[in-house]
Every structure is written in C-alpha cells, then in structure tokens.
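What follows is chain A paired twice: with chain B in the first complex and chain C in the second.
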Partner chain A sequence: MTAYLIRRLVTSLIVILGIALVTFLMTHIIAPSPGRAILGDRASRAAVNAFDNAHGYDRPVWVQFGSYLWQLVHGNLGYSYKLNQTVDSLIAENAPHSMWLSGISVFLSIVIAIPLGIFQAVKRNSVADQAITAAAFTAYSMPQNFLGILLIGFLAIQWHLFPAEASQSERIIPYIFAFHSNFLPIATLTITAVAGYSRYMRSAGLDALAQDYIRLARAKGLTEPTVLRRHLLRNAILPMVTLIGLSIPLLLAGNLVVEYLYNSHGLGLLFINELGNEDFPTVIALTLLGGIATVVGNFVADVALTVADPRIRIN
Partner chain B sequence: MRAWIKGARAGAAVAAGALVLAACGSGTGSGGGGTGGGNTSAFNAPGGYGKLPTQSGTPKKGGIVTIAESPGAGPNYIFPITPAANESVYTIDQFQYYMWRPLWWAPQGATPTINFPQSIASAPAFSNNNKTITIHMKSGWKWSDGAPVTSKDVAFDLWLTKAAVKISPANDGNYTPGLYPDFITSIQTPNSTTVVLKVNKTYNQNFMFYNQLGQIVPLPAQAWSKTSASGATIPFANLANAEKIYKFLNAQSGKLATYATNPLWQVVDGPFKLKTFDPSTDANTLVANPAYGGPVKPKIAGIDNVAFTSTSAEFNQLLSGNLDVGFVDFSNLPQVNTLKAKGYNVWGYPDFGFSYIGYNFKDPTGDFNNIISQLYIRQALAHLQDEPAVIQSKGVFDGAAGAAYGPVPAVPKSPFAPANALTNPYPFSISAASNLLTSHGWKVVPGGTTTCQKPGTASNECGAGIPKGTALTWNLIYGNSPAVIGAQDEIWASNAKKVGITINLSSKTFNYIISNLSDVSNPSNDKIWAMQDFGGFTNSLYPTTNELFNTKGSFNFGGFSNPQIDKAIQNSISSLDNTAVQKEIGLVTAQQPGLFQPNADLVFAFKNTLSGPPASFADASQYQFSPEYWYFKK
Partner chain C sequence: MEPVLEINDLSTHIQLSRSVVQAVGNISMSIAPGETLGLVGESGCGKSMTGLSIMRLLPNGGKVVGGSIKLSGVELTKLSDADIRDVRGNEVAMIFQDSLTSLNPTMNIGRQIAEQVRKHRHVSRAEALERAAEALSIVGFPNSKERLDNFPHQLSGGQRQRVMIAIALSCDPKLLIADEPTTALDVTIQAQILGLLDDLKQRLGMAVLLVTHDMGVVAGRADRVNVMYAGRIVESAPTTELFTHMHHPYTQALLGSIPLLTQNRSERLFSIPGIPPDLTDPPPGCRFAPRCSRATDQCRTEEPALEPATNDHHFACWHPVDGPIVRTTIAVNGTAPAPAGAGEAEHSDAAPGAPETVAARNGSAAEPAFGARGWQSGEGDDRLLVVDDVVREYPVTSGVILQRKVASVKAVSGVSFTVGRGETFGLVGESGCGKTTLGKVIVGLEKADKGQVALRGTNVTGLRDRQLRRFRKDLQMMFQDPIASLDPRMRVGAILREPMKIQGIGTKRQQDKVIADLLGEVGLPANAVERFPHEFSGGQRQRIGLARALTLNPQVIVADEPVSALDVSIRSQVLNLMKRLQETHGITYIVISHDLAVVKFLADRIGVMYLGKLVEMGTGEDIYLRPVHHYTAGLIATVPEPDPMREKSKSEVGIKGELPSPVTPPSGCRFRTRCPAAQQICAEEEPPFRPFHPGHVAACHFPLQQPIDGGDPLAAQAGTAPTIAGS
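Coming up: the complex of A and B.
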C-alpha cells in the first residue's frame, strides 16, 4: 500500500508538471506578446514593449517557464496585471464561495439520490418509480442554464419566493448561512446532480437486488429495512464512491453556469473572464489547480474504494 | 459591449478653447449649466432609443442609489494616474471620477463637449504662439480634509504623470511618447489659483486643450506627496522625488482590500467618498462628500455600485426591481416593455466614437491593395451600406443605434462635426455603386463575379495595378463579439454581392484581431486579411485621427496614406487654425479609408422613483454618471 501511494504521488506530480507545461506553452504560442491585448488597441508600441519587458514576455519561452516553476516552488502563483491583484488573492477570494456552492450541492445530491435510487430499485416499474424516472430524465436532459432561467423566472421574478441572485456577502460565513438567498443556485446544481446520481444508484441497486446474498439475507428472515441497509446499500453504493471522488475537482473548478446566472462570483467565471483577457498567470494557475484537484479526486476515489470494498486490493 | 472602451480618460475629460466655445456656443439642451438643464428633446432625437427621464417630484433628502456595474468590468485601480492595463471607463469614469474630478469636466449631457459649470478651472488662455498656457482655477473647490484645491495640486498631478511615464510608458493609459506630459517644459504656479505651462513647440490650441490637457486631474499634494504611509510630505517638483512618490501611491493602489480603509483615498474633491470596496468582485459603495465644492451638492446619501457576473444576472435584478440604474444589453431589448411596466424609464444614445471596417492597403492578394486604393471603389463600398435598414433591423440594432458616416458620428453631435458627418455623403444605393464600377471599366455581374474589363489609369479605366480580368473578391475578418458586428457585416456583404462583389466572412476574437491583424509593428500578417472589423473607437473630445489615418500613425494598421489628409492632421495638431479638425474630419469622411458603420446606443434603465435634470441622466451615454444631481422623489 505504501509503495502504491508513493508511486501514485510521483505519477501525480509528473501529471501536474505536464499540465503546467502544456498550458504554459499553449498560452504562449497563441499569444506570445499579450501586451497588446492587455493594454488595448490604442496603447503605444513603447507602452506595449515596456509591458512585455516588465513581465518577462520578451524572454525565451523556456526561460519564462523555468522562472514560473521557480515561483511555484516558492508558493507564488503570479500576478494578474489585468485585475491588479496576486493570483493567490484572487483564488483566496473566489474559492470559498465556489467550494461552498459545489460542496453543499454535492452533499445534498448524495443525500437525496442514494435513498431515491434505492427506493426506485426496490419499487422497480411501479408508478412511483416511473414518475421519478420521468422527472429524472427531464432534469438530466435539461441544460443547467435553462433550468436556472426557469427557476428564476417563476420562483424569483414571478412569485417573489426567493431572490434572483445568490448572496452578495463578501465573507464566507454569512454566505454559508444565507440559505434563502442561495436556495436557487443550490437547487439548480442539486436537481441536475440528483437526476444523474439517482440513475446510477437505481441501476446499482437493481444489480445488487439480483444477487444471491440478498435472497439469502431475506431467507434468513432479516427484516426488509435491515436487508436494504446492510446488504443492498453497502454493495450498491460502490459506484457512488467513484462518482463522489471525481466530483472533487468541481469544488475548485467552480460552476460556470450558476455563477453566471445567479451573480455569484467564483472560480469558474474568473477562469473564463481571464481567458478572454489573456491574463496568463491567472489562467495557468487555475488550470493547474483544476489539474491538481482532478488528480487528488481520482486518488481519493481509488483509496476510498479499497476501504469500502475489501474485495478490491491495490497492487 | 463595444470593444473600444480604452482611452476613456482623455475621452471623458477635457475642455474647450475660448474660440471654439464662441463658435459652438451652448449647443445642448442643458441651459448653460450642462447637467443642470431640463430639455429632453435634444436627447430623444433620431439615434436615441426610448425616452429620457423628465425632472419631476419633490426631492427627498437621502437614499442610496444602486447602480449596476458592467459584468466582469469593475474598477480595480484607485489612484487617478491609471496604467494602461487597468484603464477603462469602469475604473476611471464610473469610479475614480466620483472621488477625484478632472480639471475640466465633460460631457454636457450626451453632447461630447466641456461642461464649464462643473469644471474646476475656466478655459485656459493661450499665448506666445500657443506655447504658453495659463490656467485659472475657480475658488470654492476644496479637498475633503478642508484644504483648498490649488494650482499646486495641478502641478502635483503633472509631475507624477511625468514620473510615471518615465518609469514605464505603460504606466499611463493615455500616454503617447512626445505628447502629454513630455511636451511640457515648464510648470509654474505663480499663485494658488494659476498654473502656467510652457510647451516645447506650437500646438493647435484645441488639440492641446481638448485632447491633451484634459487628462489633468488635480491630486491632493498636501496628503499624497509622500513616500510612505507614516512619512511626512516631501517636495514633489523634481523627477527624483516624483518617482518615489509615484511608486508609493502606485503600490498603495495595488492593495485593493485596503481601498476603503486607506486614509490616502479618503482625501477627495469629488462629490462622493469611498465607504466599502470588495476586492473579489470590485463592488463598492460611496457616500456623499459634505465638503464637495462643485455647483450642486449630492442630495442622495450615497451610491451602491453592484457587481454582476453576467448581463442575464443584471437584467434579472432589474426585473426584480432591485436596481435604480442598470444597463440594458442588446439581447434584452425585446423585453424593454416589461422593464417599463416594472417602473423603469429606458433610454439609450450612442457614445462619441465610431465603428468601422478597416481596409488593408498593404494586401497584394488579388491586387486588393491596388483596388482599394481607388477612391471610386471605396465610394462604391460606402454606397452598399444601408445604415437606416441596419439600425432598424431586429436582428442587428433593433433601433438602438445612431448614424455615422465618418470618424465623427452624426450623433452625438460634436462641436467639431463637419457637414458631411451629419448628412451621408454616400447614401445606400445599389445603382450608384454599380454605376461607379461600370464607369471605371468593370463588367458588373449582379449576383456573380464582377471583373475588370478596362485596365489602365484613365478616368474610365479600372486604375493602376489592376489587370484585366481581376475579380472583386476579398476576405473580411470580424470580431465574434458583440454579435452586431458580424450581423451588420453580413448585410453589407449581401448588398455587395448584388453588384458582383464577393466578401468572404470569417470571425475571430477581438484579442486575436488587435494582437495579430491590427498590430502595425507586426507586418507578417499583412497578406492574410483584406478587411477587418473588431469594433471601433471612442473619440477624444477633439477627434483628430492622427493615430489612425496619418501615414505614420501608430495605429494605422491598414497602411492608409493620403498626403492631403496627412497635412490636414498636421494642421489639427500644430496649426493655429481652430477649424483644422473639422477640415480633417471632412476629408477623412470623403476619402473613406474604411467603411464607417452605425454607432450602437448605450441603453440604460432608470427607475422612475429617481429623478433629476434630464441631462444628468444623458451623461450615462458618454460613460459618466452624475448622481450628485439625482434625488429620490417623495
């Protein structure tokens, strides 16, 4: 296990370095001199040259990359010349809100989807199962953007039940407790996630229900709730463990559509905006962060699986 | 959003020379008081959208006006000498100017000219062949710490700007090497209200005044002339000290989280003071400055500048009634009636600028360089543009745009507009375009491919360098955002096909175009584009096209060259002729170095509980808000 962990760690570092290199090269190939884009169409050539020189864009690419890695080693993600802040500050300001929205939505999705999926599996082909399936398919196939627009249109603008935008609190604690303000963005994220997760859970539940150990448990005379809790749930939940692990990057990647629709400033929108601004330090740092979160998510999912299912062993 | 938001500081400030003012007079509906007037008809003219709020009701003291910021475009630099990277109307006009006023204020409502009643100084006096400029400041203006705004504060700004551009030309967004502040050779302050500047040579006084000196923003020397937060003030009138002071203030401006708490930024001469600033969104709140020395003290208690992630989010807040002032994106124009039903006045007007398709006079592909050099070709292309139809088209502007036939648009009407800027010299006419081609030796094939039949340089022949059989087929690369750029280019290309001209359209990002196609210093791409359209520019109040259409212009990316225009531009900058720029613009409009297009309106929604002089709302079309004139109705 220890050797496996070390191997995974080394591989992960190589992957992250690769992500940094590829992102860095791509951005510099697309726009080797971002001075013009940053300073605007009427900036003098002298100003553009001075800008490129001040930020090292007139040096060879490999020198720039080496310098960037050196910064990273020292915990410095760079400076956003467009936003007049360090990238570290930008991430620190935007990450908590993104993480909360994503985290609470993933949590609620799991809490709702697991019993829902089990219920559907047990009540397979009943009216309730078919109604939930229809609702899930509708929600799953509906673009998140459209769902958000519907929720805002009816619940916020038409009936005034909730505000049309997320909490505008700068600090994270008041933001977390602004349940009323954040209801619609959380609902938008949760509804689409529940639709997906519940289908996985229903399918895994059906597989487990067909297994001999379920029949044996029932034959032993265990009550139905005990059969479902001890034997069905534990076995059917394994695919969910993988899904949950893979959702970890979402915590940092932000939720572009929800941030866009509900006026919630977060990492997703920051990334898109700064991509358009050719704000390389911010773009590269966020890509790197996304890469790290993906690697970590995969790793956590693998380890969690071995813990959840003793039949799985890592070599 | 238009792609030409840069350069706002020069475009938003500035004053007028005495002669020009005498000639142009009080051309707005503002009754001489600029924003103080009440005539809305001038702003509800063609080119405008909707109706401007009228002044009504009894003013109520207090209240916070909520104003929407543009998505992703909040202010992020507080020190008024703004680097090019941070320069935008959102940082300068809609943030800094609440706190620090330029020496000369503009506009007058929607009219791009100086507003003297709101200015800190009267018109400067020019002498010694315009090489000596004397500025007289008004009394009564004071800083919020009680100190008067004096000539020393003007000199402080000038010295710091000199220091800033010496450290890096990118430190001032409006800096052009050799011009402001380089040309200032002497700064004297004989008394507390007089500044005397000497410049290195003769410049046109309107150019100097409207285009250059308008960048001056008095800064509080008594509070800011220092190199550390706790240090004492030091003399600033030498470059060594000025550089140290600039570096300190620039560094302070990099600390966004301290904007609202840093004592430096609390010393203001504008109508509002910063109360809160959120560095993660750039949202901010301001409160009325009781010490404001301008003509009208704020009646409202303050402003809440609300940040948005998208136009959808902002529009939803308008529909919910949670904003007092917000913009209306083109995509939301079909819902304007809903907004009105929710209690908003909706009004739009173009800013002072122009949109155009740039021609590449250096592209030899298909002999385009030789073809486009022919004036009759450019005239024919202008005749193929149906501006009224494009403006009214639901798929393009939906009525929210003003006509423009040259670099000075028809609306808003500039004091410097020549006659041909107001009446289309090349109105839409397929037959006129066809006749121009036919009369110059082209065989016009409507819907097909028009070719040159008579090569040669005679007046009835195609022109120099155009071989027989040459087809009129070119490419046009346009910016993919906003969508109106591509939509109107498609209509133009469709009209061109009616006289056998094929224009192949493709889209790129704004950044791609200005970094790769519009970069004069990067000629390697000159052969890959015949025409380009990234949007346009916001004009300075003095709209010389020096950078764009001068043969040696720093942004003459298409390589246009016309000796007559070069001379006219030279006159606009350095002659004593106060009508020089009108002559220049008249020539450029006639010569059509690019295809000038309609000017999009900036459309706003104003809640009807808010009132004030109509011109104070009309300011918004020129990117300025004047909430000190606004009040909530009882």
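Coming up: the complex of A and C.
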C-alpha cells in the first residue's frame, strides 16, 4: 500500500509540474513583454526594455521557466501590478472565505445526500422516491445563477428572511459566524451539490442492495436498520469517496458563480474581478492553484479509498 | 419422529409490474431431523423460491399466498417480522451459491460470523468472536483465531464457502437450507464442501434442504429427493428409488438427458423438446404436458395430483412411466472407475461404445511408429491443427514508480497436441488450468508468447492483419455466455451476416440464403432474422451462437463451455445439435469444459489440463476407464454422477487442497502438492510424457498403470494395483 501511495504521489507531482508549464506558457503567450503591459502603450521602447531587463523578462524562455518554478517552490505565485501587492497576499486574504463557504456546503451536502440517497434506494419507486428524484433533477439541471436569483427573489426580496448579500467581513472569524448573512450562498451551493450526490448515492445504494451479502445479512436475522447501517452504507459510500475528493478544488479555488452572485469575498470573486482588470499574473496564479487543487483532490480521494476499502488496503 | 420442517400446500407468487409469476404452486414436503432432502429442478422451477419462502426472504413483490410452513410445529407464515428474524440464522440458516458476493467485502470474516451470534445469543463481543473462531475451526480452518481478521478477498472460493457455512452453523440451526451450495465451485472443491456439509449434518444433527439443479449432487448426498417442475413438485421419493424406479416422465427425461461418464457416445442424448412454460400463464392441465411424449387430452386439461405410489414415493402423472430410459453404456467394473484396463471382460462389454479403440489396442500395442510425435495425431497423417509447445503468460508488475515485470501468471505452459480433420478434441480441467486461454490462443484472440498453432501447416500465431483475418474464417469460436456474447442491439440476421460482411463473402442475396439455411439447421424459425437476441431463450441463443460460428463454414470451431450456462434439458438439445452439425459439415471441434461428462460425450480424444500443463491425453475411454495420472483419477472420483449407488460408494474427498498459484507453480510435476503418490523426484524433475496405450499418454513419475515401452502392457498391468480412485 505504501508503495502504491508513493507512486501515486510521484505521478501527482509530475502532473503539477505539467500544469505549471502550461500556465507559464500561457503567461508567456498572453504577455511576452510584461513591461509593455504594465507601463502601458505610451511608454517608450527604452523604458519597456529597461523594465523587462530589470525583472529578467529578456532572458531565454527556459531560464524564465526555471526561475518561475523556483519562485513557485518558494511559494511565490507572482505579483499583481494592478493591485500592487503579491498574489500570495491576495490569496491569503481571500482563500479562507472560499474554503469556508465551499467546505461547509460540501459537508452539508454529504450529510444530507447520503441518507437521502440510501432512503431513495431502499424505497425505490415509491412516491417519496419519485418526488425526491423530480426535485433533484430540477435542482441539478437548473443553472446555479438562476437558482441563486430564485432564492434571492423569494427569501431575500419577497419575504425578507435573509440578506441578498453575503457577509462583507474581510476577517474570517466574523465571516464564519455570519450564518444568517451567508445562508443564501451556502444554500445555493448545497442544493446543487445535494441534487448531484443524492442521485449518485441512490444508484450506489441500489447496486449494493442487489448484492448477495445484503440477502445473507437478512438471513442472519439482523434487523433492517442494522443491515442498512452495517452492510449497505459502508459499501455504498465507497464510490462516493472519489466524488467527494473531486469536490476539493471547490474548497480552494472558490466558487465563481456563487461568490460573484452574493458578492462574497473569495478567490472566485477575485478571479472574476481580475479577469476584467486584465490582471494576468493573478488570473494565471489562480488557474494554477485550481489545477493543483484538482490534482490534490484526486490524490486525497485515492488515499481515502485505500483506507476505506480493505480490498485495496490489504493485498 | 416429528419433522423439523413441514410444508403444506405452499404457494408463492411474485408480483411483476404487469403480471404475476406463480413461482411455487401448492407444494407440500417435510424433512425429519438429520435428514437431507434434495430439491431438484431446472432454473425457474421454483426451487430457490421455496427456500426463500421458508426464510421469508422473497425478492420484491414476492409473497406467500397460501399454505403453511411449520418449523417444529411453529407456523412461520404467521410470525411477525421481529419473530421471523429470531428464526433466521438461529433456527433456520441458509447458504447461498455465490460465496464471492455473499460475504461483505468491507467487513472481516470474524465480525461477519460474530454478528449473527450476538444477535441470537446475546453474548459479549469477545464471546461471539470466540464462537466465530470455533465455527471456523469446525469448517476446517486451521489457526482459526488468526483467520478472524481476514477479509473475504483474501480467501479462495472454497474457503469463502466454508466461511458461509461457518456463519450458518454458528447458532446451531435445526434446519440448513443450502441453495446451490457448490454450483460456483470447481469439482474438486465441490466434493470437499459437500463432504463437509454431510459431516456437519451428522455431527450437529441438522436437517438439510439441499436445493440444486445437479442430479449428481443429490444422488450422493440426499436421503430423499423432490423433483420440481414449473412451480410444482412432480415426484418425491427416496433417492435410490427415484433414480431407479421413477414414475414421472419429467424425472425420467431429465435423468435421460444428462450425459453420463459411462455414456455410449455414438448414441444421441435423450432430449426434452421445447422449454419450460411461462409461469405468469401456466398451462391448465399438467404443466409438463406440452413437452411430454405421453401427453393425452386428459393431461392437457386436467392437472394430476401428487398421489402416493407406495408409502414414501409420490408422483403427479396420469400416464406414469416405470424406471429410467434404457441407454447403452460402456461397461464399468465395480463402483469406481477401474484404472487398470480390467482384462478381457472389458473388451467384450465395451464393444458398442468404442470398437475402434479396442481394435487398435488389441492390434498394435507397442509398435515402433509410436515415436516422439506419433502419439499426438489421432487420425494418422491428417494433422489439421497442430498446437506446438504453446506458452502464454501474463505479466505481474510491481515497483514504486516504474512498473516493471516481477513475475508472470503462467496461464499456459508448453502445451502440444494435434487434432485431425473432423475430430473432436476435448480440453478438460478446473478453472484456472489455462484451458480458456489456450482456446483463445488457438483462434488467434490471444498471442502465444512461445510456440505455435498451425492450421494446415501454416503458423497462425505469426500472422497479422489481412492474412490473419483470412485465417479467422477457418477458426471460429463459440462462447459460454449466450447473453453476453450476442450484441443486444443487433438483430439476429445482422449478427449472422456480420462475419460474411467482414470477410467480403457473397452478395446480399447469397448471404440471405446462407443465413436462412443456417437458421433451419440449428432449428430456429426463419423469422428469427428480424428479432433481437433478448427475445430468445438461453438454449435458442446458444443455437444462434453456434450458427454464427458456422456462418463462414470454418474448419475448426473452438467451443468454450458451450453448454455450461444451459439447463439440463436444453443442454442435451444443444449437444445433439453440435454433434449433428459436425457430421453434416465435417467440422473439427475443440471443446473446452470443466464438465468431464460433456467433454467425454462430445470428444474423440481428451486432454486433461492442470495448472497450465497437459497432464494426460487419450480417448474418452482411456481417460475414464484407464486413467494414468493421479489428477485425472482424482477428478473422475470427484465428478458427481447421477447414480446413487455409485455416488454413495465413493470414498472420501477425491483431491485434497486447492489449486496452487499460477504465478509460482510447484517445481517438477505441478500436481505434486495435491498428489497422494508424490515423492522427492516429483519436485525435482518434470515428468515426461510416456505412452500407456496407443494414443494414450500421460506425464507422471508414478503412473497408475505401466507405460508400454517396456514389455507387454497388458501383462504388466495385471500386476499393478491401483492406488487411488477409492476402489
């Protein structure tokens, strides 16, 4: 198992290296001369050259890539000339908000979706199952921004239950405890995720229910709740582990649509704003971060599955 | 003695979305303590539903609609859900067919046994685990305490079945329902598991309801047998009585359509026409009437009741038969196969079965032509297909970063044989012996790592692309699974046309003609071309598979387990068909099966494989009557035969232990780890093939017979006492 994990780690590192190469080339193609981009069209040729020379942008491409990697390894993601601060500090300011918002939503959706999916599998084709299925399909197929607008329209504007805007606190602790303010963004994210997860869980539950070990468990005389808890659940959530691992990028990269819609501090909002500002170092650093988060998510999912499934754990 | 289980007039229905399946109809039976009742029938006859009705574990929509089930006088159908749960696993335990899927893969086996003990015995976790270890040691696990932590995937199929039995007996049930307990296992393991069940029944005094499709299994293990057909019990009798003096035509036909090891293979197998009725709309009279040769108008309108013929023999038929179908068999001396070619008596008796073999043996015992390769050819010079030293291995990789090959699964390790035109060569062996891989190499679906397969002198293994495609025309395959091997979205016409299209043979009209002719030949209606595979029954689908293999008029058809997925009554139809088509088309078959009786019925010559090696080769009679290799003899001893006299006289477990890993096969003779005669030399030296009769070779250092290279074989044999096969 250790060998497997080490191998998996090494391949993950190789993929991250590839992502770094791609993002670097993107920077290079978009702005081969950062001096021109920063100093503006009206700067003199000499000024641009001097700027590029001072910052090392006139060196060969591979040397620049090497120094880019060197910076990355040291946690230096670049410098935003538009906002006049390091990308690192931008991320440090915004990431906690995104991580909280996405994290609590993923947690809530797992807690809701697993029992819901199992319930649907056990009561398959009942009225309740079909009603939940219809609701899940509606929520799943609805664009997230539209769902958000609906929620704002009814819960915020019509009935004044929750504010239409997320907490504007820049500090993370008050932001976390602003449950009332953050209700709508969390609800929007959770509803969409529950819709997807519960479908998945229902089908995993149906697969597990059809297995002979469920029948044998009943033949042992166990009560139905015990059968479901002890024999069905563990097997049915194994496929969910991978799915949840793939949600990890959301935690780190933020959720573009929801953060924008509710004007919530976070990496997603930062990304959209800086895209409009043509702040390429920031945009590309966030892209890189998203890529790394995806790889990390996959890795974590594999590790979790290895721990959860004795067939992989013990060879 | 008061019966443990008494079922009276039980009916179970299954509600589907638009119809009701009358799965079990008005059946009655009882089992005494310590008795084994066999419940036999084909798939869909309601035998499993009967078992599940007792446990009240019917699938969705299933419901007991009438009758009573009494366990030691307690009416089970009236119990509350909570009360029936106290019965399940406690007073009645059940074991299922598939031990791979019946154990929870994410829970160790100790907990899986202990949870039942805790449910019914209200003991502490430690005490329950104690009991689990005890149960494991009863079913034959050494070091059972350490085994508690094992997960199912760490165990072999036979071991998992033992775990399931351990679960079943952990609370000392009064009744054990064994639903096809050994169907998924190899014969050698099957014999071990059945032996274990018998032993436990005697030690623990349980009653056993043995549900199976295999007449051979009930013959050896059941005290009484109930035969089910289409939801009804049609006949019930003590085992020996049922096999020798059956009265119901279905019982007679079912037994008659099973190929026997003693079968005279020149005779057609008896077969029952048609297929079992649809139980959503069963026929009004006797349910067997549409397929019965004795049926009259009375049978078609009026259903016969289960009436006693004698005290303990009941049957439901208006026109009963008396005793089995007469068929000619080859002679067998004594109750076990006689390994030593038992002298003159056998010659005269064997006459109808294998005149050519006998003649060959009498005439030419040890002629010089019996050279290095001479034995490989069954038909003189006509060497249509030559398999020469074929090796196929699959790499096992390992390594932290770079995956490198560290070992290999030795699927096929140097197999050679020759098949003549029009001949049928059978390959028999347990799962994992490499027979299927070898079949795939022969038709070019797998590459050989070493060695070659030559068709009419051309090495097929070296061919590529277009040349290979041309040769594929002559090498076709027939698959085991009639459902998975036909594309569900193609009409039968398109399935049969596809090979001709690929090979570019004929115009559309000519292809239509070929398809129509083929359908006629395999006994399917002409309108089948318009239909999809799922509209056909299993037997019909296997006919389509055979027709597809025949489309290109191949020289060789490799049939991999051609009838294993079929019910007994359908099986004999397909076997007869395969034989008939061979005669009309002059095809050469290579038949691959784990079922020795099927192979023996079809094949002129048989190769016995063990762990990637051919260990013995000869005619069916050579293999069955005069086995030389200990594996062959053990295999024959473990095959359950539908003959109570022979089964009950068989001694204990034929072959001990389990198949070693094909990654690290034993040195020398690969069978030595399980062989009763193994000695030092078997580990050091691989035994060479030696001839024992013309065309009969085996690779064994301590053969059960004298090889013929030294002196007169018949004289030599007289002094050789067989050491195995329980005689």
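The rule is short, and it goes like this: the second predicted complex is superposed on the first by the 276 of 315 C-alpha atoms of A that agree within 3 Å, B and C clash if a C-alpha of one lies under 4 Å from a C-alpha of the other, contacts with A are read in each partner's own complex, and residues count from 1 in each chain.
Methods note: a residue touches a chain if its C-beta (ideal position, glycine included) is under 8 Å from a C-beta of that chain, and two chains touch if they have at least 3 such contacts.
Here the structure is a predicted model, which means the values were calculated and not measured.
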For the three-chain arrangement built by superposition, which of chain B and chain C touches the greater number of chain A residues?
B
Pick one for A:P174: touches chain B only (first), chain C only (second), both, or neither.
neither
With the two structures laid over each other on chain A, which partner does A:P163 touch: chain B (first), chain C (second), both, or neither?
first
Considering only touches as defined above, state whether A:A219 meets chain B (first), chain C (second), both or neither.
second
Just checking: does A:G66 make contact with chain B only, chain C only, both, or neither of them? Give me first, second, both or neither.
neither
Using the touch definition from the top, say if A:G56 reaches chain B (first), chain C (second), both or neither.
neither
Regarding the shared-chain residue A:P143, is it in contact with chain B (first), chain C (second), both, or neither?
neither
Just checking: does A:Y81 make contact with chain B only, chain C only, both, or neither of them? Give me first, second, both or neither.
first
Now for A:G18: first (chain B), second (chain C), both, or neither, which partner does it touch?
neither
What residues on chain A does chain C touch that chain B touches too?
none
Given the complex, residues on chain B that touch chain A span 3-4, 6-7, 72, 76-77, 84-87, 168-170, 173, 175-177, 253-254, 256-257, 278-281, 283, 306-310, 312-314, 316-317, 319-320, 322, 509, 511, 514-515, 518-521, 534, 537, 547, 554-555
Which residues of chain C touch chain A once you look at their complex with the stated criterion?
55, 57, 85-90, 93-94, 96, 98, 101-108, 115-116, 119-120, 151, 153-154, 164, 167, 398-401
In the complex, chain A touches chain C at residues 3, 6-7, 10, 211-213, 215-223, 230-231, 234-235, 238, 308-311, 314
Show which residues of chain A lie in contact with chain B when the two form their complex.
31, 33-51, 54, 81-85, 89-90, 93-94, 149, 152, 156-157, 160, 163-165, 168, 170, 259-265, 269, 273, 276-278
